[in-house]
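See structure below.
Chain naming follows the written order as A, B, C and D, and within any one chain the residues start at number 1.
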Amino acid sequence: MTKIKAGIINVTGYAGIELARLLYRHPMVELCSVSGRSAAGQKIADVFPHAADIRLSIDADVKDVDVAFSAMPHKASAEVILPLFKKGVKIVDISADFRLKDAGDYPKWYDFTHPAADLLQQAVYGLPEFHRSDIANAVLVANPGCYPTGALLALGPAVKAGIVHPDIIIDSKSGVSGAGRSLNLTTHFCEAVDSVSAYALKGHRHFPEIVQELHGLNAGLDLSVTFLPHLIPMTRGILSTCYAQVKDGALKSGGGELMELYRDFYKDEPFVRVVSSPPGTKHTWGSNLCLIHPYFDNDSGRIIIISAIDNLVKGAAGQAIQNMNIMMGWPETTGLEALPVYP
Amino acid sequence: MTKIKAGIINVTGYAGIELARLLYRHPMVELCSVSGRSAAGQKIADVFPHAADIRLSIDADVKDVDVAFSAMPHKASAEVILPLFKKGVKIVDISADFRLKDAGDYPKWYDFTHPAADLLQQAVYGLPEFHRSDIANAVLVANPGCYPTGALLALGPAVKAGIVHPDIIIDSKSGVSGAGRSLNLTTHFCEAVDSVSAYALKGHRHFPEIVQELHGLNAGLDLSVTFLPHLIPMTRGILSTCYAQVKDGALKSGGGELMELYRDFYKDEPFVRVVSSPPGTKHTWGSNLCLIHPYFDNDSGRIIIISAIDNLVKGAAGQAIQNMNIMMGWPETTGLEALPVYP
Amino acid sequence: MTKIKAGIINVTGYAGIELARLLYRHPMVELCSVSGRSAAGQKIADVFPHAADIRLSIDADVKDVDVAFSAMPHKASAEVILPLFKKGVKIVDISADFRLKDAGDYPKWYDFTHPAADLLQQAVYGLPEFHRSDIANAVLVANPGCYPTGALLALGPAVKAGIVHPDIIIDSKSGVSGAGRSLNLTTHFCEAVDSVSAYALKGHRHFPEIVQELHGLNAGLDLSVTFLPHLIPMTRGILSTCYAQVKDGALKSGGGELMELYRDFYKDEPFVRVVSSPPGTKHTWGSNLCLIHPYFDNDSGRIIIISAIDNLVKGAAGQAIQNMNIMMGWPETTGLEALPVYP
Amino acid sequence: MTKIKAGIINVTGYAGIELARLLYRHPMVELCSVSGRSAAGQKIADVFPHAADIRLSIDADVKDVDVAFSAMPHKASAEVILPLFKKGVKIVDISADFRLKDAGDYPKWYDFTHPAADLLQQAVYGLPEFHRSDIANAVLVANPGCYPTGALLALGPAVKAGIVHPDIIIDSKSGVSGAGRSLNLTTHFCEAVDSVSAYALKGHRHFPEIVQELHGLNAGLDLSVTFLPHLIPMTRGILSTCYAQVKDGALKSGGGELMELYRDFYKDEPFVRVVSSPPGTKHTWGSNLCLIHPYFDNDSGRIIIISAIDNLVKGAAGQAIQNMNIMMGWPETTGLEALPVYP
C-alpha cells in the first residue's frame, strides 16, 4: 500500500512538533517535509532531541506533499496555505485563518484583513463530531482552536437539544503549552508555576469560534456566552467547566436524562467518552480523547458540563490527524490509537 | 509589655503548623503550647524541620493559654473547644463547627449533631471585612473556610450593593494544601501534578457558609448559587472566579463604576487590595492578602469578579491571627506584615 | 498470525499499569489477564480512566497466559512466579527477586530468605545491552531496577574498557513515580513539590545489583561504588550522573576518544542513544530510550557520564517488553516504537 | 533610633526584588531607592504585584543611600559600584565582580578585564561563617554565589580539618530561579517542568570561587574539584551533594565523629543547622537557613555532605542582608528571623 506524503508547516512550535510525533507513527503517511523558518537548515534531532528518530532536516518551506498541516500563526498561515491549496494539496490548517465564516471577524478579532475571504465558506470547520460528512469532502479543513474543541464538545449536546437558556458561562483552565513555545514572562517557569490566573477578560480570540459553532447547532438560541480562560501550572490539558440554566420542563427526569442525552449524542464517537465522574486532564495526556462529565444540579436548575482534553492532541495535532483520516477515507482512529501516558 | 499565651490545637496539619509559623513572629504573643495526637511527645523540629526554631514539644492537649486556635477537624473541634470556652479562654476555631448559624445544617452537611447549638448565635463568623465590630467583642470566633473567604470577599460589594441578579456562579481553583496533610490518592504527587479536575459537584461543605453570608449582606436577594471547586497542581492558593448578571439599570457608567464600588468598599481594609489586572495566586504566597479584580462585560451584561488568596494564610491561619488581633484590640496587621514570597 | 497471551501480575501499581498501556498496543500480544488484589473485581476503566480502552476486569490472579509480567513487590513476586514458572510460562519479573545471583544478598538487602535460590543462576538479568543472547534463551528474566538501568548503561562502556579507577560515584535523580503508587508522606504532593532531597544514604537496595553487573563487565576492577538517589519534583525520569577517575594513559586523545568508545559500544542498540549534549529526562518521557552523554574533563582527569531514562519505561515496563521481544525472537523494538511525549 | 538609608541596584531581577522583600521588613533600614533600567519610571507595584506595599518608583540609578546592594550582572556591577564606593557608600555586591582575588580569573571566567583590580584584595568575600571579622570591617563585600554558598558550607569543616583527600565532587541541584528572570528557552515552563538535566560541564563560573575559598581554608590540600550543576523543576532551592574520600586514620570513630566535627564548627552560627537526616530544600524556602547533613560511609571510606539552601535568600539576598548586619554591627539575624514558608 502506498503511503501518502505529508508535510508540516512550522514544525518548531509545540503543535507542529506534536504533529510530527504522531505522523511519524501513522501507518498510511510518510512524513517527508517539515518547515520552520527560525530553525531552517537544522535537523529535527538538533532542535527536538525526543524526536531524533525522525531523520529530516527543517526546510524553509514544505514541498511535494499530498497533504499539508499548517501550524503557522494566524495570517501567516493563510499566506502560505493559499499557493498549496491552488496546487490541489489537501490542507489541515491549525491556525484560525479559516475557522470563522464571517470575514469581518478577522479584522475585529485578529487584526488583519483576510486575504481569501471567498474560501471561508469552502473551508470546513474541522470538529469531526459536528461536521464529519463535510470534512470527508473537504480540501481545506480549519482545525478548531484548543478551547473551542473542549467547550463545544461539552456544550454541543445540550445546546443542540435546546434544553438550556442562552446564558452560558465557560470557565476554562489550560496548561502552559497552549501559550506556545515562544518566550515571554508569562510562560517563564518561575512565573507560571505555583500560580493560577485568569486572562483575556476583554475577549479571547477563541470566543467568536465558540459562538459561531454553538449558533450553528441551534440557531434559535439567542446566545449570551461568557468564555474565560485561566492559566494553570501544568504543561498539557484543558478543563472546561460549562454552566447553563435548564429551561423549564427540560430534564424532568433529572441527571440521568442528561447523562443519557450525552451518551446517545456521542455513542459512535471514537474519541469522546462520556464519563460518570469528573475527569482529570491527566487522563487524556498525549491522546486524542475528550472526556465529558455532564451534571445536573436539581436545586439550582443548572447543568454543569465538564470536558477534559489534551490541548496539543485533541486540541490541535491529534484532531488535525483525525481530520486527515476522514478526508482520506481511512478509519478515523488510524495513528491515534495509543493510550494516554499516565501518570 | 506582657505577651499573651497562645496555644494551637492540632499543630500537625497544614493550617496548624502555618499558625505556628506566623505566631512565632507575632510580637504580642508567646506560643507556649501545641497539641497533636498523632505526634504527641515529639518535638516540633522532628516533625517540621522548617520550624525547628520553635522549641516546643507536641502535647496531647494545649493548656494554660489565654487564646487557643483550633485546627482540629470538624466535630472534634467543638468537643475540644467547649471546655476551654467555659474556662474563659478566647478561641479562634479554624474548623467549621461554629460557622453556621442554623444547627440543622450540621447533620445535613457535616454528618453530626452539634453538641452546643446554643453557642452558634454567640460565635462570630470571623471575616473581618464583614464582621469586624462583632469580632472585637467576641470570645469565640469561627474562622471562615478557605473557599468562602475568597468567594465572599469577591462577591460582597456587588451583592451588598444589590447590583446583581441572584444567579451566581463561583468557579474556584485551589492548590493541593487545601486537601490537608493526611494521605489519600488524590494528593499523591503523581496523581495531582499535571492535571486539573473539578470535585464535589454534588455539594461542597463550604456551600452553606457562602450562602449564609451572602444572604446576610443582602437578605432581599433570593440567591441561587452554584459553587464548584477545582484541584490545581500547586501547593498554595485559591483563585475564585465569580459570575453574575447585572440588574437592568445598574452599572450604567460601565466598568469604572464597578471598580469604584469595590475600591470604596475596601478602602480601609489592610489586607484586601482591589487591583486593575487579573491577579495570580502566586502574588499572595505566604501572606494574608486578598487581591480582587472586578470586571464588567458590557456585551453580556455580566460581571466577573476574581479573587486570589493564599488558602493557608488569609484562608486559614493568617485570618485567624487577624481575628485574634481584633479580639485583643491590637493593630489588625500585627504579625502579618511580611510580604508574599515571590517567585 | 496468532498473538500470544500475556498477563500482568499486580496491574494496579505504576509499573503494572504502564505495562498494560504498552502491551495494549503490542501487535504480537493479546493482553488477556491482569491481577491486583487491592482492586480485584473492578474494571481497569474504573481504576485507571486513561486505560478505559482495555476492557478487562482485574482478577485476583492471572491465568492461562503464555507470558507473565510480574509487577509485584519483592518476596511476593517470587511466590507468585514460581508456580507459573513450573507450568512453563515465560516470565519477566519486574521485582528484584531474581536479579541478584548471590542468595545471601536477599536476607541482607531485602529482609527475606529466597524461596528458590537454585533458580537465581538460571534467571537472566534482563539488561539487553549486556545480556542479549542469554535473554534470548531464558524462561525467567529478572528485569533490572530503574536506577541500575540508568547507571549501568552509563558506566558500562567505561568499566568494560577498563579506563577508569574503581572509585565510582553515582548521583541519581528520580521522579516521584519511582516511589510507587502507595501512600506515604514523602509522595504527598505538598511535600514532594518544590523540593529536592537525597535518601537512602545508608544503602539503597539497588546498590548490590549495580555492583554485581559492573563486576560482571570487568572482574579485575576492585570496585568501590557510592550510589546516592535523590527525589525530584517530577513524575517520570531518572538522571544518573556518574563520576570516575580515568587511569593514567587512558583517553590520551581526550574527550573525542571517550565519545567514540561510547558510540561504538552502543552502535547497534535500538534504544540507547549517545548524545553530544547533556540530556534532559523530559526527552525520554513515555519511551524506552536511554540518552547518554559521556564527558571527559581534562583538568581533573575525571569522566562524567550522564544518562537519562523514563523510569517507568526503560526502567521498568518498556524494558520488560523489550526482554519479552528478545525471548520470543521478535524484532526488539516491537510495540516500543512510539516517540517520547514532549513537552 | 535612626534608620539607615538603603538602595537596591537592579531591583527587577529575582535577587533584586528578594532584597526588597526582606529589606522592607528590616527594622534598622529604610529602603529608599531602587533602580532598574528595563522598568525605570514604573512603580514597584506595577512590576511586582506581591510587593505593592513598597511604595517606591523604580529609578535609573540609586541615590543618597548609606548602603547599596547591587544585583546587577557581572561587569556592569563593578561599573556602577565604583563611583558609590568612592563616595563612601557601604556596598554589598551580589554579582561576581569582587569575589575572585586573582584579577586574571575575570578574563578567563567572565570575559572581561576587571576595571578595579586593586580593589579585589580590599573586598571581602561575604560568607560570614568563614570571614565574619573581615566582613565587620569591610566597606565592600562580595556576596558569594548561590552554588558556592551551599558547597562551601557543606565542605568547609571537612576541608579545614584536613580529613579528606583533595579529590572532591560537588553535584548540585538548583531550582529555576537561579537562572534569573530574563527569558530563554531553558526557563520556559514547558521545557523546565518534568525534567532534570546537567549543564555547564565544561566549567561553571562559580567553580573558581569554590576552589579559592576551599584553598583558603586549607592551603595544604592540592585540590581537584569537580563541580556539576543540575537544573531541577522547582523555583527555589539548591541541594549540594558533596563527595570526598576520607584520609587513612581520619574518622576512626565513625560517623559520629564527623557529625561532632560539623556540630562543633557551626555551633555558634545562627543560620547553619547541622541536621541528623537528609534535608529537603523545601525546608529552607524563603529563609536564610542552611541545613547540612554530614554522612560517613564506612564501607567506601567516603563522606557525603549534603547542604540545602534557598538560592535567593542564603544564596543571594538574605546573605547580603546578613553581611550588612555584620558590617553595621547589628545582631546578625536582624530582619532575617522569619521561618521558612512550608509547605
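Going forward, contacts are C-beta pairs under 8 Å (C-beta built on N, C-alpha and C of every residue); 3 or more make two chains touch, one makes a residue touch a chain.
Keep in mind it's a predicted model, so treat the numbers as computed, not measured.
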The chains touching both chain A and chain D are B, C
Relative to chain B, which chain has the most distant C-alpha mean position? C
Comparison of A-C and B-C by number of C-beta pairs in contact, larger one: A-C
With chain centres taken as the means of their Cα atoms, state the distance from chain A to chain B in Å. 38
From the C-alpha centre of chain A to that of chain C, how far is it in Å? 36
Distance between chain B and chain C based on Cα centroids, please, to the nearest Å. 46
Among all residues of chain B, which ones touch two or more of the remaining chains? 14, 177, 181, 190, 193-194, 233-236, 279-280, 282-283, 285, 343
Residue ranges of chain A touching chain B (in the complex, touch as defined): 167, 169, 171, 173, 175, 190-191, 193-199, 201, 224-226, 228, 230, 232-237, 239, 241, 243, 245, 278-283, 285, 295, 297, 300-302, 304, 306, 308, 343
Can you name the residues of chain C that touch chain A in the complex? 14, 17, 21, 24-25, 48-54, 177, 181, 194, 235-236, 273, 275, 279-280, 282-287, 291, 337-343
Complex contact set, residues of chain D against chain A: 14, 176-177, 181, 183-185, 187-190, 192-194, 233-235
